[in-house]
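Below are structures written as structure tokens.
Shared between the two complexes below is chain A, which pairs with chain B and chain C, respectively.
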Partner chain A sequence: MPAAEQPTRLIGNRVLLTLVITCLLGVGLLPFASMAPNRLLSGQSVSAWVAFEPWQLATLAGLLVLLTLAACERGLSRQTSHGLALAAALGLLALDFVALGGYAHRALAEASPTARVSQGSAFWVLLFATGLIMVDALQRLRPPPLWRALYAAVALLIVVACFTTTLLSPLSIMREFANQRGNFVDELLRHLTLVAGALMPALAIGLPLGLLARRRPGARNALFSVLNVFQTLPSIAVFGLLIAPLAALAAALPWLRELGVGGIGAAPALIALVLYSLLPIVRNTYAGLAGVAPGTLEAARGMGMTSGQILWQVEIPLALPVILSGLRIVTVQAIGLTVVAALIGAGGLGAFIFQGLGQYAIDLVLLGAIPTIVLAVVADFALQLLVALSRPSRAGQGKTT
Partner chain B sequence: MIELQGLTKTYAGKTVVDDITLTFGTGEFGVLIGPSGCGKSTTLKMINRLIPLSAGRITLGGEDIATLPVEQLRRRIGYAIQSTGLFPHWSVARNIATVPQLLKWPKSRIDDRVDELMTMFHLDPAAFRDKLPHQLSGGQAQRVGVARALAADPEVLLMDEPFGAVDPITREVLQAEMRRVHQQTGKTIVFVTHDMDEALSLATRIALLNDGRLIQYERPVEMMVDPADDFVREFIGQADLGLKLLSRRWVHQYQRPPSLAPADALPEPGSHWWLVDDQGRPTALAGARLDDEDAVTRVKAEWVATPEMSMKEALSRMVWYRVMALPVVDGDGKLIAEVGMQGVMGMENSVQTPPATLASTAVRPGETAPTASDGKPA
Partner chain C sequence: MSPALSLRRLRSASQGAGVLITLGVLLVALTLGMGQLEPLFRALFPSVSNPLYTRDSYLNLMLAHLGLVAVSSLISVSIGIAAGLFVTRPAGREFEPMVSSLAAIGQTFPPAAVLAIAVPLAGFGFAPTIIALSLYGLLPVIQNTITGLNTVPETTREAARGNGMSAWQILWRIELPLAMRVIIAGIRVSVIINIGTATIGSTVGAKSLGTPLIAGLVSNNLAYIIQGAVLVGLLAIVADLAFERLERRFSFGG
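Take a look at the complex of A and B:
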């Protein structure tokens, strides 16, 4: 952007300003927390004016002023503005948790033991707006992958610190967690096992199929039509459809039943997850391989590389960023779909969600939903980082201004 | 070195290469040329078996290439193409080392060879070794492509329009480098182009193809002087035939001793002489100007000739800088001869019978002159 343009634009970063206004409106108008006499009754709203201590309100105001300054980009370089936004966002993240935890401690000190404090919509607005401010500033600043990872680690550390200390322990969702502690770890591990157990066979089948699609144009159309059909089937329908044949199979073959295969449970969940993962993997593998320049392949053949050497030393390294993008899509997708698999008894974090829905205990639902979202976001971020690192033309180059 | 015998290629009933028989001798710079679709690229790619032949036989150093394992054959043949085909994820050094690594050379030998080749192509190893292909200019990338093709010291180098995609100035620089590399290494080269000027400036023998058939296989000057038919005449182009001939003549064939400033007397009117400094370098030219016979012209680097320069280029400099003679200098910049406008005209009288000196540059020792049978098929 030419420097001459700056004075003519009043606001440098309109996205950031919008998010700041969203924070203001959310905190001003929406309930920040709610207080209920027990876990099943719905509570009474508590506004931020009550929940925040005076110093917390002052800090909030200060951070929002800083962010507004960063959004205007007046008298600040773009780099400084984005850096300022990133720093203020970390403060906002910590403040959101500290204010909620602090209020819960104070409110429950003089209430009955069954009373519950839950987070309100203003808390969520503040949290998501903070997340978006971070993403927006990172995208504008374009730091090298390692700096991005470092910043994400700091943000994650703040969140982990809030959860591992006693700060949030009086909250209703944390009490649900305390009640389910043993279950929670089990279900989290089961969730991760299901995702990994689906991705491994999906890669083992999908990568060769992608290669086949590249090598045999005749097979390509048939392959993609079949995979497209899988992708369009609703997941619940697939789970339902698999119950009957798998139950019959398990009945016919006792050794399968001994392995744990049945109409419900992990087996149909894994089969469905693999089927859903295939299309993105095969499509991206094919696209990555097809994207290798014909001249590069001609030179490789002309210099006497064997077809195996061309595949491993040329085609796969060059296709890797696209293949990893496919893996990123299916990983995030599998983490989400595994939630639904709880319906057919496969377990996982979805178990809390459906249990909570049945009991009308919203905090139990959140105990399943929030970790799922965190898992998906972390997996997405980590694989994005891998994609960035696998690009040869970007890696050695660093930042150019 | 390479013999094509009755080479034929048919695609779905259409014959694209039709019964081509010709021989590229050892050390030959053979150019395959012709209009688009004449089968020149197909012919080239049959030599390293990127395209299988439909009929005929190709031998490399007496061995039928069909009997060799295909990867082994290709590692003996360097291959450079128009799009360079550099591996975008490998550094310049790793790209050049491709074939030596396939041949499992020891690391120290590969490193030495990479440095040697980069130096040969004027790419500073310290600066370029670790660059990725996308950080190179078109000319640099093409140099790396040719260096990679030469890396394992192949018996033969195949080049498929390697300079077709670079700008005209870079192309001339690359052509000059290719001539030099050919002289230094004595490699047998088969080079495909559709540009007659490129063919004339590089080839020791030109094979002109049309519609898949070999029309004429001849040394460049002979092809210009004695075209086989109207197609050849038209393809070469008649309008600047004289200049094209001069592009195959070299300054050392035309130079004569320089006339130096007379010690005691004034020079005769209409003559010219060179002034040299104490190291023997030319500093100025007295006379020999078209516009002013008595002018003294300071010698500039841009209009100094070298013995290896083509007469076309020398003539071009004379015209552009408006002088009747150019100083010819050696590697140290010392005046060793001069070449003049009169020389150009005088020598061209003997065009119909090419002088012996010409043959010595066009044909390498030990190579026989073309015979009627392989030069002009029926």
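Take a look at the complex of A and C:
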């Protein structure tokens, strides 16, 4: 009797059921796509009933029934129902893109060449809910990291396949992308260069400062309160306040101007990004070093290690996970702040956003906004993985405590 | 706690109050009296023909900015605390991992990108800014409400139950007061981020202290940029210091 091992409840997984209902309501009530006569006019809503082909509607219904079954968990083991949810979620992911791309192909075949089809809110709701279904099932199933990574890779493969084939190419945002392809690559690289260019000096300054905060308790409070002020200030204000002094500096020192330093552009952006990055790096370096158990240090000293050896072979390796979590915070933060830096002429993906806002070209706005969000989420995920890998193995932890 | 230590704490607290009051007075004075500084800006930027932003008074811009932050924070705080309470009650416990990871992932989204995405949904102006600020501000409040309520020790709850308190009484008299410091820390993060994002809100047509700043960037008028940046920066620092004091008031047994 499978029901005996858990308390009998009508619905085993209410989170999943909520998400299935969200999908139903979203697809039933919200526009799935919109069709506009040209790039700048706003379009007319198209519901899922029109946009989906009959077989797609049937597939959608089938997947939602499967997910409801998985949510009930009746007569199924937990493993089976979570596995079922994971598989059905992959199906939903693919269906969402296939339906949108298919509709765009059909609708544009008989429309004027300037007509544009873009995604509607039901598309986003379905995509979002699918992502949450995956997160929920993975949280409950707790597969080993390798399986988790494999599943993420399959989901990613589906998305990549949708974007690299011609499936989505008639969509308005993809046509905008095609028009801007060269620019897009440039701005993306510029965005990444700015982030990397800010993180390296921030680490070079922040790590020694964190060590200083650990070794000299007197300096700690003053250091943290100064750095905290920078974190508090709105980014655009810091960018703005750097313009006048840098412009004056560049005017006074011609060799600086030749290096490309000026009131606007990359120089104020980089300086501001470094200032913002310092607090998390210093704080986490300090916290990581302070978290090393006194007994461990004592033991290292007892073994005759010099203070330099203790720092490099004991303290830093043990503090590494905390330091890397600091790096994770500042990387994600810098990706976001670089968007704003486009306002002072530093370029990056934010340039598309503000250019699009200026022209009321929504696709251009999304062309900047969506990749930045993806970039931030991917960087967060990758660094999270790095933090997990840098943690001493569990067996080792058991011995030290 | 030794008397010397508590005395030092008291002194640093009163020093904090001094800084807060000084900066607060400076903020009000600059908001009301930016016009008096026109000769200064004229001297600093001789090449700029009109060195004082006059399309709107700084008082109006400040009030508009505060309005944006107040409305969105009110929405974030009420929804955020309600959601945090729901997922820490037995009825909503099942939703906690989902809501927590949603709040964590959502906070990696760049605020400026969230603001930009609100435009296709709500058009230009006040509405998309309020939507973006409320949504973004929601996340730290939810996260800290959950953390704060989860740190209340089970033994404390049990003791309260043993004293015959109802679930409602435990929530009001035990859990919320004990979690309040962490919840306020979340509201602090939310308000500070919103003060910054409201500044960028002027690029989507919402009136705020960012309006002169952006106008200055567009027309290369350094004086406008400095006027807007100083006011909004000062506002953020004053708000942060005020929240720091509020947090301290709710620390128990420290």
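Before moving on, here are some points about what is shown:
Here, the second predicted complex is superposed on the first by the 386 of 401 C-alpha atoms of A that agree within 3 Å, B and C clash if a C-alpha of one lies under 4 Å from a C-alpha of the other, contacts with A are read in each partner's own complex, and residues count from 1 in each chain.
Just so it is clear, contacts are C-beta pairs under 8 Å (C-beta built on N, C-alpha and C of every residue); 3 or more make two chains touch, one makes a residue touch a chain.
Keep in mind it's a predicted model, so treat the numbers as computed, not measured.
With both structures placed on the common chain, the touch criterion links A:293 to chain B but leaves chain C unconnected.
The partner of chain A that touches more of its residues, comparing chain B with chain C, is C.
Of the two partner chains placed by superposition, A:93 touches none, neither chain B nor chain C. Of the two partner chains placed by superposition, A:213 touches none, neither chain B nor chain C. In the superposition on chain A, contact is made by A:304 with chain B only, not with chain C.
Once both structures are placed on chain A, no chain A residue is touched by chain B and, in the other complex, by chain C. Of all residues in chain A, those touching chain B in their complex are 293-306, 309, 314, 317-318, 392-393, 396. The touching residues of chain B, counted against chain A in their complex, run 48, 50, 70-75, 79, 81-89, 98-99, 102, 132, 134, 145, 148-149, 158. Contacts from chain C toward chain A in the complex involve residues 94-95, 97-98, 101-102, 105, 108-114, 116-117, 119-121, 124, 192, 195-197, 199-200, 203-204, 210, 213-214, 216-217, 222, 225-226, 228-230, 232-233, 236-237, 240.
Note for the complex: chain A touches chain C at residues 13-15, 18, 121, 132, 135-136, 139, 228-229, 232-238, 240-241, 243-244, 247, 263, 332, 335-337, 339-340, 343-344, 350, 353-354, 356-357, 360, 362, 365-366, 368-370, 372-373, 376-377, 379-380.
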